[in-house]
Amino acid sequence: MEELCTGLCSVLTETGVELGLAYFLSLLAGVLLVSGVPLLTVIILIWIERKVAARIQDRIGPNRVGPVGLLQTIADMIKLLSKEDITPTAADRVLYNAAPLVSFASVVLLWAVVPFTPFHYGVDLEIGALYFVAIASFGTLAIMAAGWASNNKYALLGAFRVVALLVSYEVPLVFALLVPVMLAGSMSLVDIVNAQSGMWFVVLSPLAFVIFYISSQAETGRAPFDLIEAESELVAGFNIEYSGMKFGMFFAAEFLHVFTNGIIMAILFFGGWMGPLYYESPLVAFAWLGAKGGLIYFTTLWLRNTVPRLRIDQIMAFNWKFLVPLSIANLILISLALKVMQELGIAPRDMLSASFGDLLPATAILLVINGAMILYLLGIMRKRGREARRESRDARAGYPQAAGAARH
Amino acid sequence: MNVLNEWAFVGLFAVLAPVFPALPIVIAWLFRPRKPNVLKSSTYECGVETIGDTWVQFRVQYYIYGLIFLVFDVEMVFLFPWAVAYNEMSLFGFVAGFLFIFLLTDALFYAWKKNALDWK
Amino acid sequence: MELNAISIGFVVFSIFTLGGGVGVVTTRNLFQGTIWLMVSLFGVAGYFVLLSAPFLAAVQILVYIGAIAILITFAVMLTRSVARIKERYIRILPSFIASLALFLILLLGVTIPIFGAHSPGSIPEYVASTRDLGAALVDENGYVVPFLLASVLLTAAMIGAIFIARDENA
Amino acid sequence: MVPLWMYLAVAAALFSIGVFGVLARRNAVAILMSVELMLNAVNINLVAFWRYSETGTDLLLNGYAFTAFVLIVAAAEAAVGLAIIITVYRNRRSVIPEEAATLKG
């Protein structure tokens, strides 16, 4: 993006445009180019999401508008445009209208730091990874504002539950995010990708990836954490009073957020644009990123359409009593092991220049540690599962009538 | 591109980002039908006029989750620089960071033992 | 002050900061007050960017908009009758005069001595990065003691606040 | 670049707004928010002085690190302060500090 901006800037100044204006125009072109990517993908994403959901549920999905239903989203948009937009009289008008804008904008803003290829990105901020977390917090505030501004008790209750869920799962998310930052020794997303030239971080710390994956599934409000859209419990949640295009914006923001998280995970743990022949052409690099992100995105859809929703107390207990301690333990163990290895000279201190061979001993040791932790966790889960089954069996034995009711 | 130019890009991005969702909403505002009536624009409830206020009593548990989250979030102010400097750090620096995390884990442990983590 | 990206940013963020601040103290509705507070603190984050401290800006947004705003909202909802009562301001005129006088004193006492000093040319080119901060935080000659004390403070705050806020009958 | 005194002037104004809020508001939550404004005015000053100090080249991090510490203290203050407000509200159904002055002799 840098060459493009400077190039455009110099072309414009040669044609006689004032320097400041030329600079502004080239910056604007860069912004439009980068933001075009998420805006175009969101249209396709909605189609993909519906098609995948349909296939998993043994349906066909949209297939009428356009070839294989590709234009269904356009048709939906036209429908939403013609819908009456109701603003409740009791609502706080400014916040009510601002909330969907902020919600969508906060997701689009994330794309400013996404490195598409080694040389094509919006900006390479020194604090890229932190930017990702900070911008996402605008989305949380937007949900809170939407729930409050609707002046509806269901909306407010829904917003409260969702916000409690979002902030809770942000803790393990950030602790898992610290692992790639620590390994790469930088928060810049470009540096993080480059540091994976020797070994993908998912190999060095699979547990961090799993924690990040689960919490980002919760952050986007997807099943099994879909309290945002808990239709059967809260009428519709925080967006109950929204209609027409404003509702559509919350909807589009959620879809885009899921895909954005897939891309971010590909960057943080799967080496971003890295892959065979990525240096041949930026298109190949871009394709690698898209393929990795798309694959992760597909698994989140799969999960969403397969698992049932958890109760809120289960969700909270799972987060605070399992995921948070686990993510802290993971961070401590990984950093301890790596530091000891660095002091002994087994592991390199600079991931950027480390080759595959340099990293092999460190990888093996970290994998063993991770494997031990996973085995230990499976042991705990098995014990808890056995206890839960025994409890339910005892309950059934004690209350035969209740057991009968449960069986039918 | 120096640091501030990067942020000029982000700033412009931030200005334009809300415009993208605003455009369809404005277009919809131009084309949409307008047939408001009192019933339609009233608050969505069970059909009966709300008595009193929307405010319902919230449980204090929300605040406690928010509080624990706040403490862990603020911790990131120090943990991110620590993680960035990790590779060049001596063993002493690592132990300091380790103690930092350990002390905060204590607080989480306290909350757990006091059943403050349960959704009641 | 010539017209460039920095001066435009400065003006915009000043409007955010001060406008938000005025909004906080004049809005009676506490939820709207929280939103105004966030507008103001967003402006402060913008200043941090202009002052080449982007890490602090990101952390400012993360901590205030991500966490403190949520916490204040939860507290407002828990003490819910507050938002309904018509809060009367007290001592408006004396408070206004006092704060105005304070502003003038600060302006005279702080601004005049450094007016003209630190001309833009003398601003250091290189600024410390996040890595420098991280290294200094755990350096024995740096901030390792405050670093650990901050952890103790946070632990104490969390334990204390949970102890206070918990329902005794639960 | 913007001269240093402009940052200080804005910080002074923000601090004064915060002082006005603390003096004139009666609601404890509003007072807490005003205190946050004052703390942030201090932070602007710290970062501005850090940036404009001519010794910035030898990596003096004092202003930078201090701001981070102020942020932490502000967060701890908000957490404990709000917890106290909630408890006082629960016991006395009021969030006006003057009405909760039982400890005063």
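Should a chain be cited, it is by its letter among A, B, C and D, assigned in written order, with residues numbered from 1 in that chain.
The working rule: contacts are C-beta pairs under 8 Å (C-beta built on N, C-alpha and C of every residue); 3 or more make two chains touch, one makes a residue touch a chain.
It should be emphasised that the depicted structure is a prediction, and the values quoted were computed from it without experimental measurement.
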A-B compared against A-C, more contacting pairs: A-B
Chain whose Cα mean lies nearest the overall Cα mean: B
Between chain B and chain C, centroid-to-centroid distance (C-alpha), Å: 17
Between chain C and chain A, distance of the C-alpha-averaged centres to the nearest whole Å: 29
Computed distance of Cα centres, chain D from chain C, in Å: 6
Residues of chain A whose C-beta touches two or more other chains: 125-126, 130, 133, 156, 160, 167, 170, 185-187
Contacts with 2+ other chains: residues of chain B: 3, 7-8, 55, 58, 60, 62-63, 66-71, 73-74, 76-78, 80, 83-86, 88-89, 94, 97
Touching two or more other chains - residues of chain C: 6, 50, 52, 54-55, 59, 62-63, 66-68, 70-71, 74-75, 77-78, 81, 130-133, 137, 150, 154, 157-158, 161-162, 165
Which chain pairs touch, all of them: A-B, A-C, B-C, B-D, C-D
Touching residues (chain side chain C, partner chain A) in the complex: 3-4, 31-32, 35, 38, 54-55, 58-59, 61-62, 65-67, 69-70, 73-74, 77, 129-131
Residues of chain A touching chain B in the complex: 1-2, 5-6, 27-28, 30-32, 34-35, 39, 77, 80-90, 97, 100-102, 104-106, 108-109, 112, 122-126, 129-130, 133, 150-154, 156-157, 160, 164, 167-168, 170-171, 174, 178, 181-182, 185-187, 235, 240-241, 244-246, 248-249, 252-253, 312-313, 316-317, 320-321, 324-325, 328, 331-332, 335-336, 339, 342-343, 349-351
In the complex, chain C residues that touch chain D: 1, 6-7, 10, 14, 17-18, 21-22, 24-25, 30, 33-34, 37, 40-41, 44, 47-48, 50-53, 56, 59-60, 63-64, 67-68, 71-72, 75-76, 78-79, 81-82, 87-92, 94-96, 98-100, 102-103, 106-107, 110-111, 114-115, 117-120, 122-128, 132-133, 136-137, 142-143, 146, 150, 153-154, 156-158, 160-162, 164-165
Partner chain B, residues of chain C touching it in the complex: 5-6, 9, 49-50, 52, 54-55, 59, 62-63, 66-68, 70-71, 74-75, 77-78, 80-81, 83-84, 130-135, 137-140, 144, 147-148, 150-152, 154-155, 157-159, 161-163, 165-167, 170
Chain D to chain C touching residues, read off their complex: 1-10, 12-21, 23-27, 29-30, 32-34, 36-37, 40, 43-44, 47-48, 50-54, 56-57, 59, 61, 64-65, 67-69, 71-76, 78-80, 82-87, 89, 93, 95
